[in-house]
Every structure is written in C-alpha cells, then in structure tokens.
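Structure provided below as structure tokens; questions to follow.
Labels for the chains are A, B and C, by order of writing; each one numbers its residues from 1.
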Amino acid sequence: MTMTCNDRNSVMNQKTILTLAALSLAASLFNGCGKTDSAPPGGDAKTEAGGRAYTIGMSQCNLGEPWRVQMNADIRNAAEKHPGLKVVFKDAQNDTLKQRSHIEELVGSKVDLIIISPKEAQPLTEPVAKAMDAGIPVIVLDRRLLGDKYTCFIGADNKKIGKAAGEWIVKSLGGKGRVVELMGLMTSTPGQDRHSGFREGIAGSDIEIIFEADMKWLEPDARKEMESALSRFDKIDLVYAHNDPGAHGAYLAAKAAGRDGIKFVGIDALPQEGVAYVQQGILDATFQYPTGGAEAIEQALKILKGEPVPKETVLGTRLFDKSNVAQGGQELK
Amino acid sequence: MSQGPQPQLPSGLKRFVASPAGRAFIALLLVLVVGVVFNADQAFFKIGTHRDTLRQASVYGILACGMTLVIISGGIDLAVGSVLALVAVCGAKMAIHWGWSGWLVIPASLVVGAAAGGVSGVVTARLRVQPFIATLAMMVLARGAAKYASGGMKVSTAVQNADGTYRYVDVPALFRAIDTRILGGNLSMVTVIFLFCVAIAWIALSKHCWGRYLYAIGGNEESSRLSGVPVLAAKTCAYVASGMFAAVAGLCQAAQEQQGDPEAGAGYELIAIAMVVIGGTSLMGGRGGIGLTLLGVLTIGYLDKILSINAVPEAGRLMLTGIIIVAAVLTQRRNRT
Amino acid sequence: MTGITKRFGEVTVLREVSFDVCPGEVHVLAGENGAGKSTLIKILAGIHTEFAGTLEFNGRPARPRSPLEANALGVAVIHQELSLIGLMSVADNIFLGRTPVRAGLVCDARQREEAAHWVRQLGLDLDVRRPVEQFPIAVQQLIEIAKALSQNARVIVMDEPTSALNAPDVEKLFALIQSLKQRGCGIVYISHKMEEIERIADRITVLRDGRWIGTTPAKNLPRAKFIEWMVGRDLGEQFPRRAPNPGSERLRVENFSVFPGGSSAKAAIRNASFSVRAGEILGIGGLQGSGGSELFFGLFGAYGGRTQGSVRLDGKEIHFTSPRQAIESGVAMLTNDRKATGLVLSLPIVANATLAALRELSSAGWRRPARERAAAEQTTQSLQLRAASLDAEVGTLSGGNQQKVAIAKWLQTRPRLLLLDEPTRGIDVAAKREIYQLMDRWTAEGIAILLISSEMPELLSLSDRIAVLHRGRITAGFTRAQATPEAVLAAAMGQDHFAANAEISNP
C-alpha cells in the first residue's frame, strides 16, 4: 500500500513557478527600464540667450551612492540658473548594458549634448564614439573612457586630494605626530590614489603612521578598526580616513572610549555629511571630492555656443575646516 | 574509568569533546590561543579589547539568534541584512527626525521587522516556495524599501530644512542609551542586548512547545505534520522571530552609527549563517541550539578581532577566515556518526 | 537464474529461487507483496550485485555488475515507477546512458532520428524533442518500452505495466506484447491482476516468502491452484485471540471517497462504506496500490479534508481537515513507513514519544520536561521497549524498537480509534508477538482498530472482520469465520465477493 507523492510535487512546482514569475515581474517593475527624470524649471517656452532651448541628456551610472545623488543635484542646480536648459536624467542602476542603451536612446532622441558618468571605461567607449559621430558632443565626468573620442573630460584627482590632506595634516600637527590611516577599498583606484597621495603629502615630515587598516569605505568597519588601534596605542594624535563615514566611525569609537584630543580628517565633504560633521565639531577637516556637476554645465554651455573647451579639466578640491566652514570652505587648486 | 596502566581521559570528558558543544568549544579555544600568541603588543590582554570584540560581534550575533531558529526548522533567512537596514532607516527616522521616544520606537521597529519576517514566512510555509528563494526575494524587497524610505541618503542628525540648509538635531536618548558602556566601561550595552536575545531564543527553543516543534519540523516535516504538529504556524513564527531579531539588530546598528544607513547590513546574513554553522547547528535542520551559536559568534568575533589588532592586510584576512570556516565545518562532519 | 539467494542483513529475501525465460514467451512472475519478485528482477537488472546463485544468458554464465551491463546482455526493465526523466526530451530519455557521441559532442540529429524510428514502431506519432513529462502516463510507458526496444533487449521485464493504464491502452499494450513475442523477445510480466494473467501468460512462476513454489505452463494452472500456490495452506502461527466482545459502533463510514490530488484528480478511494465497533479489529486487505494507506490518510485528515462522504465517530459526524483535528478527536494513525513519515529520527525517544501529545503535557505552551519524561517512561515500559536511555536518538534504535516508539507516541494521545498501517513491517518475530499481544489488550480496553497488513496470516488471524480493497473500491467483506486466504486474495485481485453478515457494503 504505497502513497503517491507525485501529486503534491506537481502542485508545489506550479505554485513555485507562479510565485517566482510574480516576484520577478514585481522586481523588474521596481527596477524599471531605467528611471528618467527631467529638470523642473524653465519649460520649453523660454529660450537661452542664443535664441533656442537646449536639451542635455545626463547618463548616471547609479544613484545608489550619495555622492552621485549629489552630482545630479549639482547638475540640476547649475542648469536651473539657465532658463533655456533642459536636462534629462537617466539612471543605469549600475548596469553597464543599461547605460549603453541609455546613450543610444539619447542619441536617438537627438539631444543637443550628452553628459555621462560611466560605470566602466571599455564597454561605454564605443557608444560614446557613436554619439560623437552623430554630431552630439559628449562630456565625460568622473571616470575616464578609453581613447579620446569624446569632447572633454572633467574629473577630480584623488591623488591631489590625498596630497592636500597630507599637507594639511603636516601643518596641523606641526610636522610630527602619530597618525592612524583608515583606508578605503584598496582594490579600488580611489582608495589607492588617496593613499599614495597622502603618503606623498606627508613625505619628509616626522609624521608616523602607527596603524593602517582597510575599512572598505564602511563606517562600522572603520569603528571596529579604530577600536583595535585604540587598544594597541595609548597615544594617537590624528586619524586620516579615506572617506567621511570612515572618519565618523573612528570618531564614535574614540568618543566611546573616552579618548579626547584626537583629530579626525575625512574626504568627500557632502553637505549633509562631511561638511555637517565639521560644523558639528566631529571632524577637524574634510576635503571635497568634487562632483564636477556645475563645471559640466558651464562647459556644456560653452560647447553649445561653439566655444572651445579644454580636453581635460582636473578639478581642484575644497578644504572644509573649523576656520572656513561657515564661509563654504576654501578652494585649493 | 581508566584501563590498565595508561591514564585515560574520563569518559565524561571524552563524550563532551565528541559532542557538538565540545567541538565548538575547542574551535573557540584554538582561536583564543592564536590571540594569546599573536597578541599585538599585549593588546589582546586588555579588557577593552574583549569588550570591543563583544561589541562588534553583537549585531551579527543578534541576527544569528534569529537565524538559529530558522535553520533548526529546516529553512534559511537571507533577508536579515536588508531588514536590518530597513529598520535602521525607519528607527532613525522615528527617533531622530520625528523625535519619538524609545517606548514608541522600539515596538514600532519590532512591528516592521515582524511584518517583513511574516511575509517571508507566509511565502515559505503557505505558498511552499523554497526558503532560499523566498528570503532572497525579501532581501531585495527590503533593501529597496530601505532606500525608498530614506530617500537614498542616510537618515542622520543633519536634518534638511525647507530652504536647503541643515540643522543639527541631538542624538536621541534611545540611541545614546544603546551605544553606551556599563560596568565601569567594561561592557557595551549592545552586548547586553545580544545576550538578552540569546536568552530569549534559548527559552523559546528549550522551554516552549514551539521550540520542540521547530526541531521536529527540521528533523522530519512530514512526520511532524502527521503527528499533529502545527507546521504552518510554527514555521511562519520562526521567520517572524527572525525579522524581529533583525529589527533589534537594526536599532543597535543605527544607534552605533548615530544614523540610519539604507546600505547597512549588506552581507551580514552570510556572517550570521557562518556563526550558526561554525557553532555546530546543522544546515539541514533538526539539530543544534543557541548555546552552539553563542560559541560560533565568539569564535568568529575573536578571529575577526585578532586579525584586526594585528593589522593583517585585507586579502590575508579573507583567506584565513575562509580557511578556518571550512576547517571548522569539516571537523564537525567527520565526527558525526 | 539458478539457486538465487539474497540476504539483506539478517533477513533472507530470496531462498534458492530458479527462474528462466525463453524467447517468444510471456512468463508471468506472481506472488504476494514481499514474496521477492522485485528483488529477483533487480538482480536480473544488475541493481543488486551481491547474491548467491548463477545467471546464464543464452547458455553462457554472466553476472551484470550494473544496469548498463545488464542492458548490454540484453535485459531491459520497465519499472513500475517509470525511470524516465520528466524534464528531458523523449529522444534524450531513450538514449540515456548510451548517448551517441562523436569526439565528446552529442549527435543530436542522429539521436532524434533513431528515437523517432523506435517510437514509430510502437504506433506513436510524437515530437521526440518534447519533454517526456508533457505526455500522459500511458504514452510514457510506451516510451519506456521504446527505450527497451532500442536497446535490442532480448528479455523485457514489465513490472505492473498496466497500473496506470485505462482499458484501450491496455489493449494496445497487449497487442504490442504479441508483436514482441513474434520478434523473439522473452517477456517477464509481473502483475497482480487475475484477468490479465489469464489472458497473456504462457508460463507462470509463483514465489512465496522468498521461495520458489512452482513454474508451469499457464494452461496447467487453474485459478484455484494458482491462488493456493500464492497463499499456501500453512498459515504459520495462529495468534490466539480472546473471544471478541465488541461494544457500540465506533466508526461508520458511508460512500467515502478520497482525493489526494484535489477533487479534480483521480480518487484513491471510491465510495467506500464500512463500520467498526469498539473493541473490534477491522482488517483492510488488498494489494499494493489498492488504496489502503490513502484510506487512512483521508480518514485522518492528512489530505487537508479532500474527501467526500459521511464519516461518523461514536455517532458524531466528523470531517477532519488536519491531523491535529483527528488527534484531538481521539483518532491515531500509525503510518507504514516509520522512518519517513512516522518518526523524527534526529530527536531522542522522549521527544518522539511525546510529540503528538505535547500540548496536553505542557502548561499553556510551556513544556514540563518532568511530565514528558514520566509519560514517555510509562508508555515505553508498557511496550517493553529496550533502550539504554530515553535520550537516545531514535535513529540509532532497531526497527522493532523504533516501531514501539511510534506506537508509544500514539498511545500517549489516548485514542479511541487506531489506524494501524503495516504495524509489524520490518520487525523481528519476537517484537511482532509483542505487538499482537498489545493489540489484544487495546481491544480489551475498547479501542477500535483498523488494520492494514500485507501478510495474509497476520491479517486473517488478527481481524474480527475484513474488508478488501481493489483499486480504491471495496470488493469484499468477510467475517472472521468466512475469511480464507484464497477468498481474500481473489477479492484483492479484483473478484467481488460479499459474504453475508459482514456488514460491509459497496453500492
């Protein structure tokens, strides 16, 4: 007298397939086909001084990082100042293939100019080249492409920022001190650059790096590493973290341990994060990793008017510390 | 019971060493010995180091408590890291931006966690979708919900005014209470919360019918069903509990960062699973317990700390941790008859 | 096959069995459940490789060490549970294990061509690229036969091939068997169905309890003798039972149908009607697949209430939709597979013995370990369970002791109706006697028992009355005095037989 379990299995299979189908449908709806978002102001009625309205397509590789959200915000704010400018934003949600199709869509809808912050260099070089062939100028922001088939590149230089941080730290500690370096993901270029730039900036001084660890840009990891440093070393003068969340985590660790007198330096300087930390006295200094959004619009206007622009623009950084944060920081070239 | 002229271990000790608890204990002991040897200028012997080890392991440990319940019942919960983020964001919003008191924030956060767990539970138990897939879907869903609720930015003490400037709110009392130290600065509050979670999970598993049902379902679901065990309700409750533990972890995380980060907790579910598995609870279900998980939490926590105070570079840490996890699991398997 | 003897552990399943097949004949292999037919076939198919005895193929000794080798020797087996892989295509299935390859790459086109050829031979016209599971069971069975043919099998074994077929398909199968005979294939046909055996058998071999009873041309074996061979005159031990003293009616079932797969699917039990009184044992006879376990599951609410018809327990109408409900109403079900559906092997004896009654042994959900232990001790001792400690994992116990733990679990719920499905399966003789004595005691206490047993002697001597199932219908009802092994077996194989005073009806 045996039981047959086949029926139960087939019921479960049907249910599983239906549920999976429903879930994947929902997931794809959430992902969307890439989000589009236009800048509110202006509309089409007003025109630029040159007599026509311009449409700019902006392809962002992802909006998961607050820094990129800031980049879009900077572009939007800069564009708002020019009534004839309309910006169409596309978010590729960190999918290279999506970003490729976004570029093709923008070319297809014949925008006047494209700004792109690419996810990766290799897969996006060709679509951009095709856009150039179609007569649409392309500004590349933050991450480079291969070759030179684009109008211009605007980006920050992490080495320079690291070096500026190093130099500020040397000045602030009077040339000597015991420093902890909390590094970002050292398999990424920004991490490596902010590290090597920093070492360049402190070269020749009596600054001693007593402890360094990779906190992978994450605040909880930075806090954990700082605790280890605190338990090993009784005297720490300053903590240099590759980003502001890391510096914040180190600060909280020191505060919980009751260790005063340590300075904290970070990088990124987002208004609601790094700059706010300086204003609240949590960080002693932070260095802006500029998004280049405003510069992009500036150069876009020049291009649209037919004026020449430099092929490469390396952005400087801004220092925010107690002395200048109220004035919006100090520009360093 | 010694035989002949050779001294032997008493049989009680032999049995302990062969048991899952014994093996987990030995693994922890080995890690501690490594710490003693590589003590990073005596740092390993400072009480602060131990306090910090427990602190940093606590959030993972809280997740591991819920994970133990789910794994014993024969399932798995991959969503706990995302639910942690969701509650971190919601809790931060409630406590920082809306100024709610802890008495409101805590129950509300538990409700969010329970709801997320409840969805996972219903999809798994009633719709008979495999737990791996159901909780994977919830992992994505909860992460999306966290990002949506936070607007993509961290929910912090810097609150944006209508005109775009920022005003700074105080860190709420609830967060300050969670992120403190007691016992003369030698024990973190989050560790106390973790141990409290361990106690609750232990009571449920050992003292309540529901715990026995979870073991039975994990051991043989059909036999349990035919013996009148309320399989559907018990399994769903396991996922609800896991969601609630994730909520507690989320509040602890937010308190320790003084903000609600929608990206928090990424990958935490795997660490929680590793802690449960190293402790000796079987991934097939039906065997294990909270005591074992506690040993697993300490083993991984101390290993992490030892690598940290010795400033071992990242690549080395990953490889060592991986090797040790595999070794621990292999020794468990060999000794099982 | 000569002098085949096979042992599993201490249990001898086949004893000096001889069997042969000639080209162009249908040789029926018959016997009750547990007679050893499947084991013999598995030896022929190369699935069991350790046995005593010899095999000869075309006069040459050979010993297949794997199914693949058996195939190479010309043996193809069509199992009762089809061995096709549902998700794979027909062509892939036919050539499974013998996929034509060239330099490691599968020759898809050639495979398809050949598969289509074989399939056509069977009168089928289908697309060999489609996955097998899309075709109805009848077609799948023919695909299995095509697979056997494509292996150029000289001996084809068919194990209950018509269990899933309807009448027209059965005719097609028989026509096919005729053409296979003409080709010179020898066919080993395993079946329980009298009508079929009488139709197609050339020779018949009967096994009983692992022993060879006889082989003879079919025309020399009248039905009565056939059944006598299957059942045997000697009933082994009789189990003396006290005079039954049944009380009031405990269970009355009328027009009961069970649909395991949902109401649209096939009914496992159709329009069954019977009753049991307190202190009475109603035996449920029938062969494998006749629906006994499904009847129990349906009564117990294990199919979520997918039943129809009227069930009355002590006069009260009931319809259980979950096992929990049944247990709370005093019904208990001992399943026929204690390892898979009866016990949780990873838990200790105490836990298993208290699993069904855990709620009652606890206070508002909080467990009372002392109470549980006392209850477990009491029930296991009354069953004479021999174990070192109550904390031993049930998976480490012997079969007999495991069964006692399962029984202890159900006793703890103080049932008034016990559904026992093969309670002595896989248990040594001493433990069996203990369980028979227990059943005696239970009926004395007024518990009503429904008993499924595939061991004829056991069924006949324990039951006060017997209802026999055949393909989901009750075909016969007997009182204790009227039940003979031949009559029961005949009814199990499809013959209707209703004795007077049996109070078992089938409208």
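Note that in this section a residue touches a chain if its C-beta (ideal position, glycine included) is under 8 Å from a C-beta of that chain, and two chains touch if they have at least 3 such contacts.
It should be emphasised that the depicted structure is a prediction, and the values quoted were computed from it without experimental measurement.
Student: Can you tell me which chain pair comes out on top for contact count?
Tutor: Result of the pairwise contact count: A-B comes out on top.
Student: What's the farthest chain from subunit C if centres are computed as the mean of the Cα atoms?
Tutor: Following the centroid criterion, the farthest chain would be A.
Student: Report the inter-chain centroid distance for subunit A and subunit C in whole angstrom, where each centroid is the mean of the CA atoms.
Tutor: Computed value for the inter-centroid distance: 68 Å.
Student: Provide the C-alpha centroid distance between subunit B and subunit C, rounded to the nearest whole angstrom.
Tutor: Using C-alpha averages as centres, the distance is 47 Å.
Student: If you average the CA atoms of subunit A and of subunit B, how far apart do the two points sit, in angstrom?
Tutor: From the centre of subunit A to the centre of subunit B is 31 Å.
Student: Give me the residue numbers in subunit B that touch at least two other chains, ranges are fine.
Tutor: none
Student: For subunit A, write out the residues touching at least two other chains, lowest number first.
Tutor: Counting only residues that touch two or more other chains, subunit A contributes 11.
Student: Could you list the positions in subunit C whose residues touch two or more of the other chains?
Tutor: Not one residue in subunit C touches at least two other chains.
Student: Give every residue of subunit C touching subunit B within the complex, in rising order.
Tutor: Within the complex, subunit C contacts subunit B at residues 300, 302, 322-324, 326-328, 333, 335, 340-347, 351, 355-356, 358-359, 362, 365-367, 409.
Student: In the complex formed with subunit A, which residues of subunit B make contact?
Tutor: Contacts found on subunit B: 40-41, 43, 46, 48-49, 52, 55-56, 59, 123, 127-130, 133-134, 137, 140, 144, 147, 152-154, 156-158, 160, 166, 168, 179-181, 185, 253, 256-258, 261, 263-264, 304-305, 308-309, 311, 313-314.
Student: For subunit B, which residues count as touching subunit C in their complex?
Tutor: On the subunit B side, the touching residues are 207-213, 215-216, 218-220, 222-230, 286-287.
Student: Once bound in the complex, which stretches of subunit A touch subunit B?
Tutor: Residues 11-12, 15-16, 19-20, 23, 27, 30, 63-64, 66, 69, 186, 211-214, 216, 219-220, 223-225, 227-228, 230-232, 248-249, 252, 256-258, 271-273, 276, 279-280 of subunit A touch subunit B in their complex.
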